[in-house]
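To keep things simple, chains are lettered A, B and C as they appear, and every chain counts its residues starting from 1.
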Amino acid sequence: MRFVIGLPFLWLGIFFLLPCLLVLAISLGTYAPDSVPPVELGFSFKSFALLFSDDLYLAAWLSSLRIAATSTLVALLLGYPMAYAIARAAPNRRPLLLMLVVLPFWTSFLIRIYAWMGLLADNGLIEQFLRWSGLASNPGTILGTEWAVHLGIVYAYLPFMVLPLYATLEKLDDSLLEAAADLGAKPFAAFLTVTLPLSLPGIVAGCLLVFIPAVGEFVIPDLLGGTETLMIGKVLWDEFFTNGDWPLASAVAVCLLVLLVGPIALFQRNQARSLERRT
Amino acid sequence: MRGRARFAFGMLAFGYAFLYLPIALVIVYSFNESRLVTVWSGFSLKWWHALFANEAMLEAAWLSLRIALVSATGAALLGLAAGYALVRAPRFPGRTLFGSLVVAPMVMPEVVMGISMLLLFVGSERLFGGPDRGFLTIAIAHTTFSIAFVAIVVQSRLADFDRALEEAAMDLGATPWVTFRTITLPLIAPAVGSGWLLAFTLSLDDLILTQFVAGAQSQTLPMRVYSSVRLGVDPQINVLATIVVTIAACALILSGWLTRRKA
Amino acid sequence: MNSGPIVRIEGLTRRFGPIVAVDRVDLEIARGELFALLGGSGCGKTTLLRMLAGFETPDEGRLFIDGQDMTDVPPYRRPVNMMFQSYALFPHMDVAANVGYGLRRDGVKAPEIAARVAEILKLVHLQDHARRKPSQLSGGQRQRVALARALVKRPKLLLLDEPLAALDRKLRESTRFEMVRLQEQLGLTFVMVTHDQEEAMSMATRLAVMDAGRIAQIGTPHEVYEHPASRFVADFIGIANIIALEGGGWMALRPEKITLSAARPALPQTVAGRIVDVAYEGDRSLYHVETDAHGTMTVSTTNTSRAAGDAFARDQPVWLGWSDEAGQRLEA
């Protein structure tokens, strides 16, 4: 048993915990463009000060949070009825329906985002459809706007929303709804007072599984967004690879972690609870 | 009840259309004559030929496959140990830290993990002169990232596990190790297997972490794809997408068929 | 071969946090007994059984099996096998592999395993099901596989955790006889945990009634029923009217030892009352009779004729009577 605990513990200590501490150390260093690597170790809050004084970074933080939040909400509104429908389908059809939700997840993330590039491109199919259907006479190019980023996030993370929702909805005992109906609850009231509260752990898990990666997302804003779409993951990437400012990129990483500690802790508590309920 | 169900099934149909239409179009346009993915100009296999003649792309695919095999196997072993320890060792020093270390990589933003692992490898290069950035560093990064996913499936399978089965084995004379080998492992093997598959897929698909730790020489498949699509739409990528989707669909159908046959 | 008791327990104690599940229990079980541990849920009977199997380590006390100290011996080195309440059949192995599992662990050669598995499966009437998976068996068949698996190693002691609890009523009764037959045929010692007093009474050669981690009484079913040692035992086993005696102490009086009649019976002890409740059970009837002297008492009559069930009605004034030897004086 000592070995069973020790091996993964050691591995994660070296390759996960230690790197996180390194990021913290580097973020407190100063940028030294002429040395390799471009850092001078020390104890300075210069990078953090820069992060909070420059409006550009603040705007990137805020728009990351906003885009992640609205995308999560849209994914919930679409994912909940989907999960509900699968959970209410005939038991022998559920595995197939669920597999159809999961299948895109097993294909490449990059390729799924790429699929939208063609669709949203200048004069692409979406634009043609909007014009043909009369929904918008002159929609303009969608690629390169925040709309496209939202769409990409919802599309990429929808399975993460549906799966935990399905897991809680599937366990819901039918007799509870019958009992509610028997006690005089109309279908919608029964939904609000029984189904919805009981699926809350699934809602929390699904929303966090979409929100957390969306905040730090890089590929989607990079490929679908335009120059005016600021997201913090992209800022980190550009500071690191384009500007070579390692301390500043590290400071962004530290802030991103601090920002997500709350949601991550919430997610873990939620998971631990639902695991406990099973044992 | 009925009205709500109809609405839900309508949304389900819409959701499937949303999920699959873009993929379907990508597949269709892999057979397009034209370079443009907005205009259909006739059936052609020329982009298929082009992809299979693309040495750089094939080399990247081979590298990605090897990394995925190694890192998925590493993650399966470490994840199995971690998941087992989390369920079966209720108390040991540092258990809380261990528990968060196991799951944190799953929820950690990839850019953060990428930069932190790169800093580690840069540090070790300065201190110990290695390892060189490339296959090894990518495999280590992918393993670390995937442990969480294996551990979670193993953990939830073990939580459903009837402890009396292990007690029965020990009662019949099996030592703890023999019990694990003959009872526990065969029963959680499907969970370890699906964890391995998940780790394999994640490794094959990872871009961000890889970009940070890859170094100058190694180019994995997602890195090639990324640098290609950044410049715009490329029908060769449509061909690649078609292949990936076909493999994934076949694998899922096969695994679904296998589990059904077993049950 | 040692001729002493097969099991000897001295001051065995097991705590779970602040709860004392088993509290300084002393017990001896003789060879060839079918011994039952009887009690309500949480009385410590299962914990005691699990200490015999080796799944729980006692906090205090010693445990000897066949004269050897087994207190700190792990379960896989004990000459003891257990039949689990859930049966714990390995779902990935067929019946033969399940039954042969323990023999394989002992390094028995394959042909001998096959022979012994076939023999034991025949004994439990499952010779035709050797290649089935547990999921393809009925509840009763699973129970017999579990029994065969625990018996095949010829343990010095067979432990049974609620062996009949998962079966339906009809099957339970026939299985009871079947298990007693097997136990006598093989000459093994069985220790059984049950919450069902009828099961314990009908199967066991001796039984221990447990309460709050301690043994309230040990004896044959007859001794425990007719001579309960305490109010708890009298009340737990069957139905008892507990009557306060003049000059302190109590007496336990079984309902069937009381005569019910319309006129005052010619018995040393009589009391007048009124019927407040009647429960007709087919073979017998139970009456709740309100008396001035002893409060509400329960009386049963055997319905030996078809009219007997209607003999008394609610609100009818009646007389109860019993002989001097009918009741058991209780110390506690």
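Assume a contact is a pair of C-beta atoms (placed from the backbone, for glycine too) under 8 Å apart; a residue touches a chain by one contact, two chains touch by 3 or more.
Computed from a predicted model, the values in this text were never measured in an experiment.
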Most central chain, Cα average position
B
When contacts are scored as defined above, which chain pair ends up with more C-beta pairs, B-C or A-B?
A-B
Specify the chain most distant from chain A by Cα centroid.
C
Could you tell me the distance, in whole angstrom, between the mean C-alpha positions of chain B and chain C?
54
Could you put a whole-Å number on the gap between the CA centroids of chain A and chain B?
17
In the complex with chain A, residue positions of chain B that touch it:
1, 3-5, 7-12, 14-16, 18-20, 22-23, 25-26, 29, 37-38, 78-79, 81-82, 84-85, 88-89, 92, 94, 98, 100-105, 107-113, 115-117, 119-120, 122-123, 140-141, 143-144, 147, 151, 155-156, 159-160, 201, 204-205, 207-208, 212, 222, 225-226, 229-230, 232-233, 237, 240-241, 244-245, 248-249, 251-252, 256, 260
Quick check on the complex: what are the chain C residues that touch chain B?
53-55, 74-77, 80-82, 84-86, 88, 90-92, 101-102, 105-106, 149-150, 153
Chain B partner contacts - residues on chain A that touch it in the complex
1, 4-5, 7-9, 11-13, 15-20, 22-23, 26, 37, 78-79, 81-82, 84-86, 88, 95-97, 99-104, 106-112, 114-119, 121, 123-125, 128, 155, 158, 162, 187-188, 191, 208, 212-213, 215-216, 218-219, 222-223, 233, 236-237, 240, 246, 249-250, 253, 256-257, 260, 264, 267-268, 271, 275, 278-279
For chain B, which residues count as touching chain C in their complex?
162, 164-165, 167-175, 178-179, 182-183, 186-187
